[in-house]
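Presented below are the structures under discussion, each in the form of structure tokens.
Each of the next two complexes has chain A plus one other chain: chain B in the first, chain C in the second.
Let's look at the complex of A and B:
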């Protein structure tokens, strides 16, 4: 196992008190596997990524365990963690323009990762940067190396970000909405590049997105997050064919499907509850059309539905099902391929 | 080439600005009640004597004729005769300005050496002791009137402790170094005259710090807020994600971006210091333009007042032009656009 996250919780200080943003997140990533984390804005996807990298604001409290290749990095000192970041574990961000230093050439910025984590000489480093630029599909790398970020297009900038993250051949790559800020055509190119990189390396990837299309394109396994908790986890095909949690169903229902004429796209009523006013039971209860009394009072545990398919919903609890009260309420599967 | 075009445009713009300033100063100094002729001839002057002197000085002509005559003179490098020093204003300016430039440059040097590091410390240690201390310090600097601070310094370091000289540019009995720039410290350094250099430097300390107090406060506060903004930016997060240490992020990525707005303010601070020299020079009997201007005003010596005002205006505009031109070399985004 490449990465094992156990009961990770994150609290941020707001107006004097700690507010829990992430609540006991547990998941794992295997070598060579791409995990998708999906959910609406504000559900804690990006915070999960930043917690793994520990790129958190000063007043943040992180609990639980994060084990990367056998090392419990949650216990690492700042200095020790700097050796892991950009080396074993890299990250790509959403907005490639603001994520690059405007006053440094892209060459220098890619080279910095190499300087920080290897003992390569100047000539070697330059060679490596040129090689990386070629690997991420940027032509005329000899000229590009001395360009500034503002001289490049959005897609090129994101390729630079990828080159920067790949510089030290990390074992784990975290991508936080890498295609969201890009044109649709460029998005496809970047995803294609991600798939190529995936094939060539044995790197584990965490792909954070709100776009089910991106999930379908690159992921092996998917984690659905809602309001700081994981509500469903399944292999990608299983999730699309057999979604269980009403929230996942809602997400899938809200994307247009090729070849199916439908009057109206589905939407989920309401918004994500704010961390200060989290319901005591299931966090989706106020927006769920299948909500029961039980949902309101008690938080559902993750239960195994199929092999590797888990969800946290009372609808699938054996006890609840035995009582027979809701047998007919089970949601219809959204997809029929 | 863009740089040259920019500089040429700005130099051309200087002309209308200076005409505006000259008109304003001319109008204001001529509406001040009082008769220069009477001041020159003293209380026992006869009406005939007064009348003939007024006629000789051109004071009986309408204001626009007087102004026109003055402006024609300027184009020939003639700034008029000073009634106070009984010589041409231009040679007075040449005589008194080096002292003021020396003081102002010294103040700007202290401002840079203290203001920027203080701002950086304040931002990187936000809400901690070091931050509170520098914020209090800079607030005091901005809030305290220069003449009052000057008097306090005189009381403490000159009268009470007796460790620093309180007036003039050199110890009494010491002759100034060979005239090269007119700035004693620089001339002494160039001619290797160490005793004069020491004396001149000691004399600079109190007026220099008094003059710099405000600008240090300004620069510290600006550096702090600008650095705080930069430290929140995406590219700083990227640098952390690459595994760069706190110091590397601070000095390698944040600093250069953070000082950008500070540079503009430096130009403004320079102008502030030039203007502030009028008060500070009076407090410390510093024989510069400020002291010359104060004397000129009390003697209703309009050509001298005009001369000093225009010289300071030209200096201010030139310094700001230099500062703005600096951006072409610091910010690659300007070079390529």
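Let's look at the complex of A and C:
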């Protein structure tokens, strides 16, 4: 196992009080596997990524365990963590337009992590940078290496970001919405590049996105997050064919489908509850069309439904199913190929 | 960028003035017609003429030559003061802005203390305490000037410290020190640099002021402020003795101001 996250919780200090943003997140990533994390804005996807990298504000409290290749990095000092970042695990950010230093050439910026983590000489480093530029599909690398970020297009800059993250051949790559800020055609290119890199390097990837299309394109396994908790986890095909949690169904229902012109595109009413006013039971209860009394009072546990398919919803609880006749309430599969 | 600077006539005028001053300072011995300190009582208080372009003072020194040599003193004061104050202010401002918290409080309260009384008064008291000399004037001015840069740099650091590229750099494993010097400072000194170019003129003015009241350059040094001060008593008999040093100060400050404003227009994207 490459990465094992156990009961990770994150609290941020707001107006003197600690507010829990992430609540007991547990998941794992295997070598060469791509995990997708989906959810609406504000449900804690990006915070999960930043917690793994420990790029958190000073007044944040992180609990639980994060084990990367056998090392429990949650106990690492700041100094020790700097050696892990960019070396064993790297991150690609959402907006390539603002993620590069405007005053330095892209060559220098890619070189940076090589300087930080290896003892390569100047010639070697330049060779490695040129090689990286070729690997991320940028032609004319000899000229490009001395260009400034503003001279490049969004797609090229995201390729540069990928090259920066890949420079020290990390075992884990965290991508925080890497295609959200890009044109659709460029998105496809970047996703293709990610797939190629994955094939070649056996790297573990965590792909954070709100775009189900991206998930379908690159992920092996998917984690659905809602309001700081994981509500469903399944292999990608299983999730699309047989989604269980009403929230997942809602997400899948909100995707426009080719060929089917519905009167109204599905949407989930309401918004994610704010961390200060979290319901005591299931956090989705106020927006769920299948909500029962039980949902309001007690938080559902993660249960295994099929092989490797877990969800946290009372609809699938055996006790609940036995006592009542709510089997008919089970939501229909919403996604059709 | 060069075209944008030269396209504004005012900036161009400023640039020409500054260039003339620099040329005067560099080639003073070639440009000056007389020695700046040579006393010649036979030709004292002569009006401007072809042999003494700006006339002579009460002991017969050639005012034109003294002004030409004076550019060396003034430029040196301006440059050195800014070169001392700018890095100190920048680094302190960047540290205050980036690390925040207690460090920020301490640094900013110290700058508040310095900024809470008029700069020239503070410089006067420091210069008076250290004893009158050009070096002490420079120290005094540098001590009063750095808090301005600290403020400017701190505010621009605050506006960029949460930029994504800073975060990306942390994600690559850079330590705070490296981020401060490679990412934060280069990206936030723009406004302070413009201020520094304006300040060259103001520092020269302040130094002339301190010399005028006797705290700076001492006779027979051809410092413009000191020359003004000396010619005060003979103003009624020899208008030229006070007028030309005064004009020199005026033009120098004006020149640096015009250049500073021009730089501001060129470098500030909001005013384009």
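Methods note: the second predicted complex is superposed on the first by the 335 of 337 C-alpha atoms of A that agree within 3 Å, B and C clash if a C-alpha of one lies under 4 Å from a C-alpha of the other, contacts with A are read in each partner's own complex, and residues count from 1 in each chain.
Following the convention adopted for this analysis, a residue touches a chain if its C-beta (ideal position, glycine included) is under 8 Å from a C-beta of that chain, and two chains touch if they have at least 3 such contacts.
Every value quoted in this text rests on a predicted model; they were computed, and no experiment measured them.
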Superposed partners chain B and chain C on chain A - clash or fit: clash
Touched partner set for A:31, first chain B, second chain C, both or neither: neither
Contacts of A:151 with chain B and chain C, given as first, second, both or neither: first
Which superposed partner A:286 touches (first chain B, second chain C, both, neither): neither
First (chain B), second (chain C), both or neither touched by A:93: both
Location of chain B clashes with chain C - one stretch out of 3-11, 39-47 or 57-65: 3-11
Shared chain A contacts, counted only where both chain B and chain C touch the same residue: 53, 55, 79, 82-87, 90-91, 93, 95, 98-104, 112-113, 116-117, 161, 164
Chain A-facing residues of chain C, complex: 101, 163-165, 167-175, 178, 182-183, 186-187
List of chain A residues in touch with chain B within their complex: 53, 55, 78-79, 82-87, 90-91, 93, 95, 98-105, 112-113, 116-117, 148, 150-151, 161, 164
Chain A - residues contacting chain C, complex: 53, 55, 58, 79, 82-87, 90-91, 93-95, 98-104, 112-113, 116-117, 161, 164-165
Residues of chain B touching chain A in the complex: 233-235, 237-246, 248, 252-253, 256-257, 330-333, 336-337
